[in-house]
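By written order: A, B, C and D. Residues from 1 in each chain.
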Amino acid sequence: MSRAESVVGDLSELPDYNFGSTSLGWWGTIGFMLIEGMGFVLAIGAYYYLLPYESAWPPEQSPPSLLWGTLFTAVAIASEIPNAWIKRRAKNYDLPAVRFGLVLMTLVGVVLLGLRAMEFTALNVRWDQNAYGSIVWALMALHTLHMATDTFDSGVLGAIAWLKKFDGRKFSDVADNAMYWHFIVWSWVVLYVVVYWTPRWM
Amino acid sequence: MSSRFPSEVARAAVITIALVAVLAGCERERREYHSSPTSTAQPHSRLSGLQPGDMLTTPVDPVGLHYENNAYHIAQGGRLFRWFNCNGCHGNGGGAIGPALMDAQWRYGGRIDQIHASILEGRPNGMPSWRGKMTDQEAWQLAAYVRALSGNVRKDAAPSRREGMEATPPLTRVPSQPPRAGDDSAQTVPAP
Amino acid sequence: MSLRGLRWGLAAAGSALLSACNTVQSALAPVADESRAIVRVWDLMLWICGPMYLLVLLALGYALWRNRGNGHGRASERTLWFGLLGFTVLTAGLLTVLTAQSYVQDRRLHAPVSDPVNVRITAKQWWWQVEYLDADPSKQFTTANELHLPVDRPARIELRSADVIHSLWIPVLNGKEDLIPGHANTITMTPRKVGRYRGQCAEFCGLQHANMALDVRIDDAAGFAAWQAHQRTPAATPTTPSAIAGRNDFTAMACAMCHAIDGTDAGGVVGPNLTHLASRHRLAAGALPLDRGTLETWILDPQRHKPGTNMPAVPLQPQQLSDITDYLMTLN
Amino acid sequence: MATSDSTIESQRERGREALLRTWSDRPGFMGWLTTVDHKRVGRRYIATALVFFVIAGILAMLMRIQLSQPENNFLGPDRYNQMFSMHGSMMMFLFAVPVMEAVAVYIVPLMVGARNISFPRLNAFSYWIYLFGGIMILAAFLLDVGPEAGWTGYVPLSSSDFSAGKRTDFWAQMITFTEVAALCIAVELVATILAMRAPGMTLRRIPLFAWSMLIVSLMVIFAMPAVMLSSSFLISDRLVGTQFYNAGEGGDPLLWQHLFWFFGHPEVYIIFMPALGMISSIVETFSRRPIFGYTAMVLALVATGFLAFGLWVHHMFATGLPPLGNSFYTAASMMIAIPSGVQIFCWIATLWTGKPIITVPLLFVLGFFALFVLGGMTGVMVASVPLDLQVHDTYFVVAHFHYVLIGGAVFPLMGALYFWFPKFTGRMLSEALGRLQFWLFFIGFNVTFFPMHILGLMGMPRRVYTYPSGLGWDLPNMIASLGSWVIAGSVLVFAFNVFYALRAGRPAGDNPWGAPTLEWATLSPPPPYNFEEMPVVRGSEPLWPLDTDLPVMTGLAKDKREALLTTSTDALPATRWAMPDPSIWPLWSALALTVLFVWSIFSPWGVVWGAIPLAVVLTVWFWPKRSEPSLGGGE
């Protein structure tokens, strides 16, 4: 039997969802963005750590071919437009827009995965040829993994939006999902410079 | 008191596993320093692949299986392959003066006991006999490694890329090429 | 607080013990400039950290004692804050002193040396290959598991690894330095006291990490020169019938696949060079003392003394075994 | 008047029944599998971690037997190497970090006045992953596939060239398991502490244990990716032939050491900073006054957290890095002694000006002072480059980190277990047995580990399975081996104490120690809903003075699972957040992930094919179900 209590306030009027730092979904997304961001930072660190061990960079191969990578980057950056749009619509509880937007983002993700597949064919190095090849493949694989997961998330959210009741809590999930896509896109822009342009500037 | 459940679960798991361990053991992982049972019968592999009538097969020397399934012996074989300069003739298994060891072609049999015999007895046209120059165990280890070069090795015992300059692709990724030519070597050692 | 008493007692007993009975591999029995510099750091550390430790425990003890019987101890927050400030400043100051001392002594370890003995040590699982370098190739020679250095003359040792990471540690001469594949490290040491000492691999390197010792001898200038001159000579030619038979067996059989004996057909580079085996004091990287008996049992079954070593038990007839042992014992 | 009281009382009674209905788990074993209650998960997390602690301890005993005399033949080199590798890996990855996080999983939500942890299902998932990872590595060890390259797994010794077979792969994958589990908890704790604090618990009023767990969680988030990266590189080197660590193909063995120690050094603080929080709770409670220098303490914790990331190179002084750089790391390593010193001072000052009551929890804290400060001193010694070049990789370092980790983390942990056991179970542990255990542990520990300082200085390297006689190592080793049996005795006493208390222990009230933080404001053990109404905090010691009423806020739903979210800095009420119901899917997801991990040990395709079932179960996990209206599953 706990001690005597004195009531000093009432919480029943509070909203049962929110956007941003007073919603747990936001904290979860931030947390995992931090973890994965740290992973990228360290992997990039490893890339530049290994660089001086070779007389030339890339050692014997030619740098990754620009075509697919650049195309991927362009599409990825372009996808920020619908992404920002869907985030705004979600904050206005615009269900039709959100439904449409989630499907769109999923398709964008699928297209990008296709482009990524082409990128892997144009890296001009195999992962087991030398440390350069290994780290390049590692960076690409790391990013592909996260992109695939987020595309899958968008897909599932989209399915829920079409099939199930979509309350305010779900809208804030959509906003967090969009935030995570920002992370996917801009972390790639950095990786693009590292993987495609470092060898050309070295 | 559910807090006691996990410990019980863990304990139960550990016990069952212990039993499994006792029953199964892990052939693949044992580090054997003391020389293991050595073969008594020397299989006389024929010098010709031709043979009248049905293919006649001699049984595989069980000692061979023992070495073939042990990752440690295979790794030691790889070390000896470099130390005894097998590369000198067989060029990292790619072949040079001597025949390639990474393909499915075996003139004198691709079974481990046949390779073991080829190493110790030597073969016409250049392969010297190493009997007396290395121990029987070393010959078995070499033979196990040589089979791994053409992917004839359980993947969970195969050595991956080695340290130093990369000459051969990591043997974990070499596609298995069961011995083709040669006499009774068509019958490969069954992987347990 | 008898326990702390016990601990310090143990410490005293320990240091007494170690200065008494182990002077061959103790960091506190330095015989070189470098190791002595390190002991200076150790002394200062002990003199600063020891009192600080006691200070903390006394303060703690007093805090408990003064409040015994539940009497409320008093001290205004303000006094405490001043105390905290003072304590922090004190700590920071002492740490600065220690950092400075550490930096100064570290400089000594890396001070450039003039006219050093140049040695290259290559660590292999699980033994040391020791090459004495010389501008004149004919003057170079290779031995194993035994390092001879002249007293009062700096030695510059190149560190290489043939397989995994090892670490060369001769406590009486200097701290340790790793031998890492793909990295060319060096370490210098300037011995000041003639004697026989012991070094050991300090970085875990596999099955026989425990039996990877280095026999270290500090000779006077003349003795070192004599030793060098002797090591440069090819192996002695056997005279007794058994030794001759032993040599023939050695070169004809598996032994020669791995071991080299200068002046014979045995040219293996996998195992230790045996040209002057009998002149060494230990066998199998310190695993055994070297005499005819141990040598024979070693050849008979190396795995019994050093499980996992790369030297196999070569099947030999009893006669062959004793012949080969006889021969090897002539290689002084 | 009396009638109105009774009506109020009956209302509260009905409220409690409703909450109980809402928050209770399903009955029986199914409930045990599906629970998302942070208290049940925390309890089983602690229990499992202690089991692993005992197993790793037994391995240590066997090693001490082998080393009790020179040239001993009790264990061969292969067995011995696997054992010390298992001992280190289990103690670090399966005991130390998990047990600290486990205590936090139980205590922190109560301490900040929350109904449950922020992500209850992730929490359950984390436990299952941790359990399966531990079982996997134990199974591997018993099948002779145990790790053999030490808990640091340095390449190239851990490469497939020198560690043939699958031993090292299982080890590396065990790391992946435990890191996933640890990262999940880290995120949960950050969210719990920053978004679920009781109204009024501003940043300046967060209990120091919660502060230390917040900083530790952030350190986990920034440190663990490094080891996940390095172990993934290692596995791919061994499995698909990448060249990260191959000096012959542009890789570098030192890359492993940099990545590993970038995690490995913060790891030490990740283990011992929770202990600092525990100590603050215990010292504050038993000196009957607020901790002196709260602000200084928090700043010290933050400073330690930052500095911990600038020290990793001091594990690599002997690898031949540039001397000047090394000196920088010496300075940084020494600097970390300052925040530690500040905290030591604040605790002593608190005892100095308080009314210390020497109970078993406080006894263990006093033991901490005697041992940890000594370990700190030797820590300062190994921070100095020249001295470290002598003692690095010797028994001196073994002594040092056992003083820091056992003295600095396990002693406070023991104190914390005695301190919070009444809250966990509603029963008191025996004080008498507690004192007996303390003295056995304290004496046994010193007898075992103090001689190791001497051994190290006398030139005995670590990780040797045998040693020659005649180097003066025989006696200290024998003493150390004998001491280990005393420690074993103390562990047995503890086990008996727990066993006895669970059956016949004296019942504890809500707040047997008269402690000031919120976890003591509710029942022991707390009901599934933790708090009947949301407590409100008006000072840094919410329950002091003990006889005042507890201010609360009403209005959270009682018929569905709701928790209160507050703003990060001022803890103003913001959201009534719906919490998830029990679910079996975290367990299935953990199993799917386990299949993926174990499969990927044997084939890279395991990652691809294993991802399909994983994706399926995760989808089901997050798919809104009828059974959980609050999560939008209803109509």
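In this text, a residue touches a chain if its C-beta (ideal position, glycine included) is under 8 Å from a C-beta of that chain, and two chains touch if they have at least 3 such contacts.
Note that this is a predicted model, so its numbers are computed, not measured.
Here C-D and B-C are compared, and the pair linked by more C-beta contacts is C-D. Each chain gets a centre from the mean of its Cα atoms; for chain C and chain D, those two points are 38 Å apart. Averaging Cα coordinates per chain places chain B and chain C 38 Å apart. Chain A and chain C have Cα centroids separated by 52 Å.
The mean-CA centres of chain B and chain D are about 45 angstrom from one another, to the nearest whole unit. Within chain A, contacts with two or more other chains are made by residues 53, 128-130.
Residue positions of chain C touching 2 or more other chains, listed in rising order: 163, 181-182, 207, 307-308.
Under the contact definition stated at the top, the residues of chain D that touch 2 or more other chains are 78, 156, 161-162, 237, 240-243, 246-249, 252.
Pairwise chain contacts present here: A-B, A-D, B-C, B-D, C-D [touch as defined].
On the side of chain C, the complex with chain D involves touching residues 3-4, 6-7, 10-11, 14-15, 17-18, 20-22, 24-28, 35, 37-38, 41-42, 45, 49-50, 52-53, 56-57, 59-60, 62-64, 66-67, 70-75, 77, 80-81, 83-84, 87-88, 91-92, 95, 98-99, 101-103, 105-107, 109-110, 125, 159, 163-165, 167, 169, 171, 174-178, 180-183, 185, 198, 200-211, 286, 307-308. On the chain D side of its complex with chain B, the touching residues are 32, 35, 40, 43-48, 50-52, 55, 78, 131, 134-135, 138-139, 142-145, 156, 159-162, 164-167, 237-243, 246-249, 424-425, 502, 602-603.
Touching chain C in their complex are the following residues of chain D: 76-78, 81, 149-150, 154, 156-157, 161-162, 247-248, 252-254, 292-293, 296, 318-320, 323, 326-327, 330-331, 334-335, 337-338, 341-342, 344-346, 348-349, 351-358, 366, 369-370, 373-374, 377-378, 380-381, 383-394, 442-443, 446, 450-451, 453-454, 457-459, 461-468, 471-473, 475-476.
On the chain A side of its complex with chain D, the touching residues are 1-18, 21-24, 27-28, 31-32, 34-36, 38-39, 42-43, 46, 49-50, 53-54, 59, 127-135, 137-138, 152, 156, 160, 164-167, 169-170. Interface of chain C with chain B (complex): residues 163, 181, 207, 252-254, 257-258, 270, 301, 303-304, 307-310, 312-315.
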